[in-house]
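Two complexes come next, and they have one chain in common, subunit A, joined by subunit B in the first and subunit C in the second.
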Partner chain A sequence: MISVPGVDRIVGHATLDIDLERGTLDARFKVLNDPRFIEAIVLGKKYYEVPSIVSRICGPCSISHTITSTMAMEKALGVSVPEPVRILRRIAVLGEVAENHLLHLTLVCLPEYFGYADLIEVAKYKPELLKSILLIRSQLSKIMEMFSGRFVHPNTLTIGGFSKIPGKTKLEEARNMLREIRGRIIEIAEIFLETEFPEFEVIMEACASLRDDYLYIGDEIITSDERKVKADDYRKVLIEDVQPYTTSKRVTLDGLPVYVGARARVNLKADMLSDRAKFYLKTRRFPLRNPFDNLQAQAIELIHCMDAMETLIEEVLGILEAKPIYGRSGVTVREGTGVGLSEAPRGILIHHYEVNRWGNVVYANVITPTTINSRHVEVAALELIRHHFYEDTPATEIERYLRKLVQAYDPCLGCATHSVKINIRGLKA
Partner chain B sequence: MRIGIYSFGGCEGCRYWLIDSILRVCEELGAEIVYEPLIGLSKESSEYDMVVIEGAVCTDEDSEKLRSLRSRAKYLIALGSCALLSGVPGNKRFTDPHAVEMVYFGKPLPKKPIDVKPITAYVQVDYWIRGCPPDRENFERLFRAIISGIVSGKLFKLHERRLEFCRDEFASIEGSVLRLDGDKCIVCGRCVGACERMGVYAIDYAYRSISTIVTTPFSIPFDESTCILCGQCTLVCPVGAIHERSDLERVQRILSRSTALRAYIEPESLAAMSSYFNREVEVIVGALIARGFESVTVYLPEHHADTKKPLMPASEAERRFINNFYPQLAELLSEPPAPPGGSSVLITPCLAKKAQVRERLVLTTREAIKLISSIDLDEVEEALPIMPSKRNTGFREVHGPDNVTKLLEEYARGVCVKEPTILKMCPGGCVRGGGQPYYNEDLYRRIDEALARIFSTLLVIR
Partner chain C sequence: MKVRINGLEVEAREGEKILDVANRLGIRIPTLCYLKNVYEGASCRICVVELGNGKLIPACAYEVSDGLTVSTDTPKIRESRRMTLELLLSAHRITCQNCPKKGECTLVELCSEYGIEGIPVCAECPLHGEDCFIARGEICLGPITASGCKAECIRDGRACEGCRGPVTRRDVIERARRIYIEHDISLETVLERLKTYCASSHEFDLIREYLIVKEVVKE
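On to the complex of A and B.
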């Protein structure tokens, strides 16, 4: 028998229900996206089909899904990849993180935080800003295409390495493009670093992140209460459960709501940030305890990504000077289990596969960052209401803040951002 | 121009990837995005000019929502592979149902999952943009074309498309007897098959793809091609694109002038007409007389055959066949029997007889059926046709393209007895001639029966 516990993606529509009527407050973060059962679809498929299928879990973070599943498969099949491949993958992930943060900060959050109704109004009053954002986005996606073929659903990332590697001229072009857009990106990041957000702290907080490297792969989960868990043992700490009100699974750290993502990374691994990012981090109160600070953390990571990508490209160019890069190692089929652990734009991403001796998948499990965050959203919403609002606060005011809160968590982009409907029961309108 | 962008089950990569293209194109063409939650436009409108849908239908809520959107939108566009083909989520139908259930540990969900289907399974989609995700340049080009098409009212919807494939160049082939109307032809190819079975190869396909037509080599007239005017192609044409020159009007004019006109009818035609109307032979003869013919005579072409040389063609078709394909045997060829002259009409199953002597009136069985179809056969006074004195069965008869070709091959190689032989090209003889009613299995069986009856009762050798 095949057992398939697993998670699906949760981009799309969500509702936050707060119940004030009962003796205790109750919050429910309902993800109302269609369940798609990707883990069941993957079963029985050949190992090489898996990365391109699981990439379709989420379009915005498809590179992370592809690379994480690729690495899980490599572990299962015992493939070791050459060092340049690891660097190139790191560049691809950095580019994806930068792109996701940029879109979340600008096209999604910017209008709300500056008092505009929507992006169309921004285009009307600040056309230069919007033009600059779109320019950065198109340049970034051009750079991404050099490393991963396409930005959404990449096609050069394969098990064992890359099917195509950018040459010297491409790499130099990418480096120059990065230098061109860096100034604009820092301008945009500064807008967010200067803004003040509603002040509050969530008492129950645990962060999880990966050791080894700031972004990209790690083989250990570290938390703010100084636990260290090996990737293969992720099930011992991350508990999945299904609630009848949401189509997303909820993942907790031994029953505690846990937060992953940009803020967790900055808090736990501030010393691995680039110098420029560290400089901007000093302008903020550290550690970032406020959930709204996630936006600042994203802005800081945006700067870090630019620097780190340039450093890594220089590194690849250095390797290329010495010898040509062979970007793919051979794969032999064998029986095995592999857990891929990486940092996606919104936090820890875990892919777990078991392959039989013919190379067919017999077990699959995926834990995405937003499933981990969804419980934390509920807790944070309750904290916000408990400490910030009084009984006579108008419902619209509470609603506005709750919506902002959910946005700050960046629950897989298309998801909760602007389609969050806030229902408050027990409040007079 | 009000646009709404909606998303069902999918990775949302299409919208995410193309959001700045959508913004740019809409700004350029002055279109207004009304609903797109990704960028903060989350108030739904009651009516849209255009709705773009991404993702497959995964739950019943989705299908209801989709139908409501269809009724509110003038144009519905499917974006990406999931909306168009159900994409990766659609793979669920190839998956073990138990495995699917265990993804959520067998626990109930707020939405009940159904079979994943593309949106085209539920509603009419007016246009679609392919890809997973769509290529950016391609998307911008199509999106721009769709919006400007809607604005100018020139966008054709998906179900209107087949009109786009009409051919605008027709090749009509002329000929003294046969004619091919290119604008009627649907290129079904049955005539090409019929011609091939006759071993003539006068017509075939030409050009490629939607330009394909049926034509003679270089579209020359039928009389210049290898066509033998057997008319087998006219029997199988489902739309009447390939048809014979009609003498019907001339005959009708003469009959209306009440000039004395004698009808000669071949037994095969008589059998076909009586089977067609499901009446006795006497009724058909009576109807012809009622139509204004002075007399009706059964005509046996064997009686008029030229027996000087061993190869006796039944009609012009066999003569043309030998002249085209076996010119070395032309000197062994007799004259085919000519239609009766004077003020008379020959009703015949043979189409090639029309080509033999131009001035003489020849009606095919089909034309004769048309001629009497206006007569009420219940009112007709039955009459017997004038019988020929004797049926001459003295000659060997060979019919069908295969048998004729085999015989001619033997003649050409000089390995057979040069016995006088009547040649009939049509498969099965004159009863399957090119002028008979259009092919129908049941009718043809009844014609065979009627012909046997005619030979056994009317045409006994006296």
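On to the complex of A and C.
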């Protein structure tokens, strides 16, 4: 049995157990974080309290959780938001995706993939690179602060719109900041686009993403086997089951392992990328079949986010020239059900709420991207072992690659920085 | 002459006050009543410091002498300052909603530094008059919630939800009651919202008593 004891450098705490004994080849991706019962906590709470509670599911993707739950609530209460609000929300999500991808690519993966022990060693040998990474991060966090009030757990995103909207000077400042860091971001993305990984494919696989828009919101889920599912019917295709070995739910596409996230988005919606991102995508073999390619997809999305944010900020500035923006519509309490669908940094995020006529939540369901990916991680780990390793491969070597594989999926298992364990049974140490 | 403040030796002139020497060194001594050359009456007693012999004296009035040893932050000083603040607050009419110092009040800053509760969020809130959420008809729990958050939500354009828990001081709650009634906000809705962050049912009952049942005390 191979066990990766605490896969490090992922958000959360998990173990990958693999059984290599003759006849059975079985992988189990165990999430060891304690269950947090967020869906139960929001029951009985007022509708306006929900976004700030569910935001606590995840620190790095708090904006996605807030916006998705806000949209679900708006659907349930029948609130329609003005168009500028949609654009501003989109900018906030793009900023978050860029920040998350940068965090994962550089601070998490960079040391491992280039043979350094940790970031301190990177600082020793490539101080300029680390400086530019930290500069980009601080600039991105400042931009996110402008659009969401706070860097973590946004404050200005409310049901009905924004409680405070960045003015013209702030928007111009954000645009200039983006222009300043653009060159550095492309430099970092190029590092990852040039790297080569072990070649392998998962044969039975499907990916899912949202129609309409590259990132942010959608009403329809599309998959690689050309299914189209309306938001309200998500439960017909995404089947949630509970396994005894893990504290997280496991989601499959009618029993088929399915992946979401940067790679799925690039594969399904390459035509929606910005021109510069398309140019860099041409340097890779398309579609991206290898799970390790998720890193390349993230690098491409990083470039796309920069361009898209700049375009959208220009758009908002154009609207501001013509007339002032009113960022908030009124909310009246009523009975209803709403499903919010959006693209979080790591894939599709679904929030589903039912509100009674006093505005109290009576049903809540949240499907996060990592629960969807977790089955795919197991399948991919087995494929990797079948394709690349023999009986005499040392356990440490297998462990190293499995660790990288899990990290490539960028799993986010609830907010903590712990590590993943990999167990492989039936192998001479 | 030489003076020693918090272990740092420093040159001082004849007739200088401890406060001036400390300021020159970059050591912060909080003051409330002191205003240089205008009022140096040493009446608030917030600026107390401890001498080598354990005596507490006001730094704004005490002149330095050669070989003087002073500490500016000891448990004894903190205890004394806490006591002073509590005494000041007991006689202080908390009318933060109409106070011109709104948003930048030294007294509130000191209270949150020394862990004294009883001041509402309105003291830290930058909104005046018609900008106030309550004046605009929105339910804001600012007048009844404990301060210390620098009114972060209000600065981001959101009404206070009371996450720091309610103040249980009677005069504060009664003033809040008057404000809510003045702007036609139902006290039942306010109580409903307060439930989320009340620490105990005892506290909640107390607030309900002050907010709804009891008569308003005349000012």
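Please note the rule applied: the second predicted complex is superposed on the first by the 411 of 429 C-alpha atoms of A that agree within 3 Å, B and C clash if a C-alpha of one lies under 4 Å from a C-alpha of the other, contacts with A are read in each partner's own complex, and residues count from 1 in each chain.
Heads up, the rule we're going with is that contacts are C-beta pairs under 8 Å (C-beta built on N, C-alpha and C of every residue); 3 or more make two chains touch, one makes a residue touch a chain.
Quantities reported herein were computed from a predicted structural model and do not represent experimental measurements.
Look at subunit A after the overlay: subunit B and subunit C clash there. Once chain A of one complex is fitted onto chain A of the other, the partner contacts of A:223 are absent, as it touches neither subunit B nor subunit C.
Once the two complexes are laid over each other on the shared chain, residue contacts for A:158 go to subunit C alone; subunit B is not touched.
Within the superposed three-chain model, A:138 lies in touch with subunit B and out of touch with subunit C [touch as defined at top]. When the two structures are aligned on the shared chain, A:49 is found in touch with subunit C, with no touch to subunit B. Touching more residues of subunit A than its counterpart among subunit B and subunit C is B. By the touch criterion defined above, A:149 lies against subunit C but remains apart from subunit B after alignment on the C-alpha atoms of chain A.
Of the two partner chains, subunit B is the only one that A:244 touches; subunit C does not reach it.
It is stretch 204-212 of subunit B, out of 96-104, 132-140, 150-158 or 204-212, that runs into subunit C when the two complexes are superposed. Residue overlap on subunit A between the subunit B contacts of one complex and the subunit C contacts of the other covers 150. Those residues of subunit A lying in contact with subunit C across their complex are 49, 149-150, 155-156, 158, 162-164. Interface of subunit C with subunit A (complex): residues 152-153, 156-158, 161, 196. Taken in their complex, subunit A has these residues touching subunit B: 2-6, 8-9, 11-13, 30, 32-41, 43-44, 53, 55-60, 62, 103, 107-108, 111-112, 117-120, 123, 134, 137-138, 150-153, 241-242, 244-247, 249, 413-414, 417-419. In the complex of the two chains, the subunit B residues touching subunit A come out as 7-17, 19-20, 23-24, 27, 33, 37-42, 55, 58-59, 62, 87-89, 91-92, 94-96, 99-100, 102-105, 107-111, 113, 116, 132-133.
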